[in-house]
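Shown below is the structure under consideration.
Note that the chains take the letters A, B, C and D in the order they are written out, and that residue 1 is the start of every chain.
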Amino acid sequence: MMELRRAWLRWLSRHPSLRAWSVMFPGAWWLLVFFMVPLGFMFAYSFMERNVYGGVEAGFTIEHYARFADPLYMKILVRTVVYALGCTVASLLMGYPVAYAISRSGPWKNLLVFLVILPFWTSFLVRTFAMIFLMRDTGLINTTLMGMGLITEPIEMLGTPAAVMAGLVYGFLPFMVLPIYSSLEKLDPSLLEAAEVLGAKPAARFFRVVLPLSMPGVVAGSLLVFIPALGSFLTSDLLGGAKEIMIGNLVQNQFTSARNWPFGSAASFVVMGVVLLAVFAYLRSRDDDALAGA
Amino acid sequence: MAEPVVEFNNVSKTFAGQKAVRAISFRIEKGEFFSILGPSGCGKTTTLRLLAGFEVPDEDGGEVRIEGQVVNNRRPYERRLAMVFQNYALFPHLSVERNVAFGLEQRGVPRAQMVERVRAALDMVRLDPAQYGPRPPAALSGGQRQRVALARALVLEPSILLLDEPLGALDLKLRKEMQLELKSLNRRLGITFVYVTHDQEEALTMSDRIAVMDNARVAQLGAPAEIYERPRTAFVARFIGESNFVIGEVVATERGGVVVKRADGNLVAARGGEGRAMGETVQLAVRPERVELTGPDQAPGGQNMLPARIRQVVYRGEMLHVRATLGDGSEMVAAMRNEGQLRRPVVWQEGTECAVTFSPDDTRVLEPEPA
Amino acid sequence: MSKEVSRLVEAVATGAIDRREFVRGALGLGLSVATIAAVLQGCSGEEAKAPPAPAPGGTPGPAPEPELGPIEGELHIYMWSDYIAEDTVPNFEKEFNCKVTLDTYESNEEMIAKLQAGAGGYDLVCPSGYAITVLKHLDLMEKLTRKHIPNLGNVAPIFTSTVFDPTNDHTVPWQWGVTGIAYRKDKLPTPPDSWALFLDAALKGKVTMMDDMRDNIGAWLRYRGKSLNSVDPTELAAAKVDALAAKVNLRAYISAPVKAQLVAGDVYAAQLWNGDTMQARAENDNIEFAVPKEGAAIWCDSLVIPKGARNIRAAHEFLNYILRPEVGASISNFTGYGSPNKLASEKLATPVPYPSEEQMKTLEYQQDLGAGTAVWDQLWTEIKSS
Amino acid sequence: MAGRLPRWLVAITVAVYAFLHAPLLVLVVFSFNDSKFSAAWEGFTFQWYARLLERDDILDSLWVSLEVGLISTVVSTLLGTLLALGLARHRFRGRAAMESLLYVPIVTPEIVCGISLLIFFMFLKNVLHIPVVLGVPTIIIAHVAFNISFVTVVVRSRLEGMDRNLEEAAMILGADEFTAFWRVTVPQLWPGILSGALLAFTMSFDDYVITSLVTGPGSSTLPIVVYGMVRKNIEPSINAISTIILVVTALLIYASDRLSKPTALKP
């Protein structure tokens, strides 16, 4: 057994490209077979004719993509991007300090990490309804404030963009905290001490030492928040009163009430294309930076 | 003659079309302190990694032998070497003693023996096992980490120890101390040391032999005195210590030497240069400390002599460097012992006419550098 | 609808059907199933226009019905959540010694997508009216064997031969209801009697409407006296104007979960189903239900046996079982909705009387809009995003 | 060490934790409330917990969810970590393609992912005649498919900048690639792997849209049951089961934290 293992490793050592793929093969295979191939079906669907009873009919058309150029849908896309960006920035502003505090909390680290994730082990809908309960006119926040005499009329929170934002941030905060934490955690405290010895003020220490070193975590976190936020649809319905439509709702509706699978697929692929391009451009620029720095 | 411990035969390594190591060959004898010296990017680290097994030579890239066996296809863990990394590479999640025990565990050393050997290894590098053993590496100073890394390597009682710029991160005083300690470990334990460094002084101090690498090749291989006193190429002459260079045309060849005529007509005799043809342009090198200055007319016979004018006297403590300009505007440096400038100042002052003299025996003909 | 069919038949005639093999081999099953279904529908187009079969409970049709095998294995029911009394399934399991698994879905489309893809494994599903039409077009329903459902005669005549299943071949009505207005009688000066309630600026921020294009736009079509199945552009444009005028007043578009806010008094009036209103009323008896004078949507969900069902006999037994008066009553008592089962309806704790002839003139079933769905969706997107 | 954090930082952290946990507190409190619509405090009751014992569907679905969550987390964490390792450590052909492949599942709307998988599974069953039955296995496959990327991204952010020499040091000390991976790389990556695994489990445990499309008869997960119940009316037994999950999780975490102490080298 050991001989076989060694022989295999010896063989791999002579084929660097295969060595990489041998490690990645299971994951790549899974993604390819159970994600990309099914997605390929949907891509084909997005060029077919709509069947009025759901599904598609044979044919080839680009009308579903052309339809997306309608200002109506562009407006929806822009609004969604604004929300998603807002959510990302807010998550970063809230998540970074928390991740930093956790990474410097010594023996409490693990406990604090789990406390970040704990709320997410209850169903999203249950949590969201609990938020509704807190925020509604006769909810806990308003009754408490009124009880304290701070306000006389209930503050209208539900149905406002702020409520949607709060819900989005709530839903995606751990996606920001966890990657930042894991990149901060490996940061060598002696680096900070070195910076301190060199006379760096706290702010300078942070911006010149800590932040650059935790950038991979910040980037990973931002992507993991921004992208799902772009596709969210229940939060705006439940907390925003469903009075605005997000790109996620649009897609969802095409597969349900509108029964327009090709348009739903096309809309998804447009959004996915835009996001992937942005991600790809970012990855490229980062690689270039890395080369320039070397 | 004993079998060499390590042997490189025409070893080449290419990364993405770029030759990192170009057909290099050398042998390392048992118990030797062997240094690989060169500027960054010269291929010295790749050479060490080829020996360690982290890199595999190109398909037709020659062979690496350890103790007579070809090891091209052996993984690092099959080579029974030990290594100290530049950044020490201590496992942050393991205590000092567990770091040191790691290799023993891999080799299946019994528990009781392991504890004993870990303690002995820490003792050997002068770290108190009781005090430092349980600590995490992060709680140690740079010098202490260095010692742990050394203990982790030595505990395996390897026959060959690889060291990749192990002293680079230490301050000067600690570095000097460790240099002597490494050398004495090498002598005491009889382990072959293969030491990679870019610090020529370090290499000269510690090594039995030095391989100077330049541009993916071994530029010269020899004992420190040989490398220093008989540099083969201009690169070696320049990289190790300082050198004065003289360029001229060969006008006479004799056994063991040549006579060269400078552009200004002065003749210079030098050792070496076998096989150089008449009329060929060659470069000669002479160390500053082998150069003397005399009055313009006081040159002794049998010496090379070039008329010059003093340009500058540089005070360097132990030594004085006197820079003189030759007739064609080129410069030569003479290094002389400082006899005490306050009591007996040197006679040379800026603008003084003089003669630069040096013995043909101290003047080497350099080989042209490979393209 | 016939236009739709003829278009499809034409597609087949021009060779679309030849692509079937290609389609089955490579690309999408939704496609192939839909095509085949359309073809079949096209062929049976004449039949669909045939006079309805004899009233249920009467003698079986002329063709002899097949014998069904015995009950085997488990019965898999796939239906809306919280839509069945808690004792319905356990009692059935005991009596028929047949294990039942109950899985739930939250939208007709979820269920249709699965059946359409050919997932199979479900023995009974519970489509809403328009979804029956879709299932029929896709040929995803098994024909019922009437002699195994003797209790079919208990179904009230107004819920038989509906537009969705004129021949009563596929469906057994399950629950019926009306989409009207739930309101707090202690918060409104007068009981509402019109959809105009949602246009009243005095109630700004205190009213909600359903988050569903059919219910929402449908209400505004009825408000102007139009059919809630209209696909007429001018009628829809008028509905959009009203819908937008109302949007300003709405606190939210929200469906069933509005109950909690009605109970708490955050919301004074909400477009809601009668049954859910009754559930909320159990918590706060200031809550009442009204059907606007302009008319509203009536609906009736049915149980059907989907293609691919494995336990058809057990499914029939279950259909017959739920048509027993006491079982039907128990279900409706739990859901708060009306029972299409005449005998059960008489036994309800809180009666949900059947609509009169007069009322039926303003009540309308939501029918499948076919190609019009896309027009409605566009309209709804415009309303939502303005 | 905590004492060295500036006050304002501690204040922000406490505020964020409060934000995260306030809804949970509401949920816990109202699992004891004697009112079906949980509008206001009507008195203390255990009835919703008692009711859980009658609701087989909730308990059954909880087991399905745990089964799916645990298996898909283990698989996706393993595959995702290896993928991260390959991407961070090796230069190879097809790297750019692999990188973009990684982001596709993150950007794909859930409904598209769910429907495409449903069609795919049915393609396998009805066209290729592979006996696929929708149920727990298909849910696990789907969850792994959308979790791998998240794990990879998180683990990679940890891996970047990690000292490669550590693995080489282990190898020169006699450990082969597998041993070096287990004894050196994994311990180094552990916080990243743990974060990734937590994220994966959380997403699996809370997924509704995709699960609802690839589930089959008799394999409803907790979110499917909960969605059904919540969309109609929030029965407080949902609060009760959520409270129980919270308490059990918290206890498990506490226990594992107590048990995982480093060991010393002793004979």
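General remarks:
Simple rule for what comes next: contacts are C-beta pairs under 8 Å (C-beta built on N, C-alpha and C of every residue); 3 or more make two chains touch, one makes a residue touch a chain.
All of these numbers come straight from a predicted model, not from anything done at the bench.
Chains that touch both chain B and chain C: A, D.
Interface comparison, A-C versus A-D: the pair with the greater number of contacting C-beta pairs is A-D. Inter-chain spacing, taken between the CA centroids of chain A and chain C, is 36 Å. Averaged Cα coordinates give chain A a centre that lies 15 Å from the centre of chain D. Taking each chain's centre as the average of its CA atoms, chain B and chain D sit 55 Å apart. One inter-chain figure worth recording: chain A and chain B are separated by 54 Å, centre to centre, where each centre is the mean of the chain's CA atoms. In chain C, 28-30, 110, 113, 257, 264 are the positions where the chain touches two or more neighbouring chains simultaneously. Within chain D, contacts with two or more other chains are made by residues 38-40, 115, 119, 123, 176-177, 188, 227, 230-231, 234.
Residue positions of chain B touching 2 or more other chains: 75. Across the assembly, chains come into contact as A-B, A-C, A-D, B-D, C-D.
By the touch criterion stated above, chain B contacts chain D in their complex at residues 52-54, 75-77, 79-83, 85-87, 89-93, 95, 97-98, 101-103, 106-107, 111-112, 114-115, 118, 133-134, 152, 156, 162. On the chain A side of its complex with chain C, the touching residues are 41, 44-45, 48, 50-58, 72-73, 75-76, 79, 129, 136-138, 156, 158-159, 237-238, 240-245, 249-250, 253-261.
Those residues of chain C whose C-beta lies close enough to touch chain D in the complex are 24-25, 28-30, 74, 76, 78, 80-82, 86, 101-106, 110, 113-114, 117-119, 121-122, 255-257, 259-260, 263-264, 276, 279-280, 282-283.
Taken together, the chain D residues at the contact with chain B in this complex read 163, 165-166, 168-177, 179, 183-184, 187-188, 190, 262, 264-267. Interface residues of chain A, counted against chain B in their complex, comprise 6, 9-10, 13-14, 188-190.
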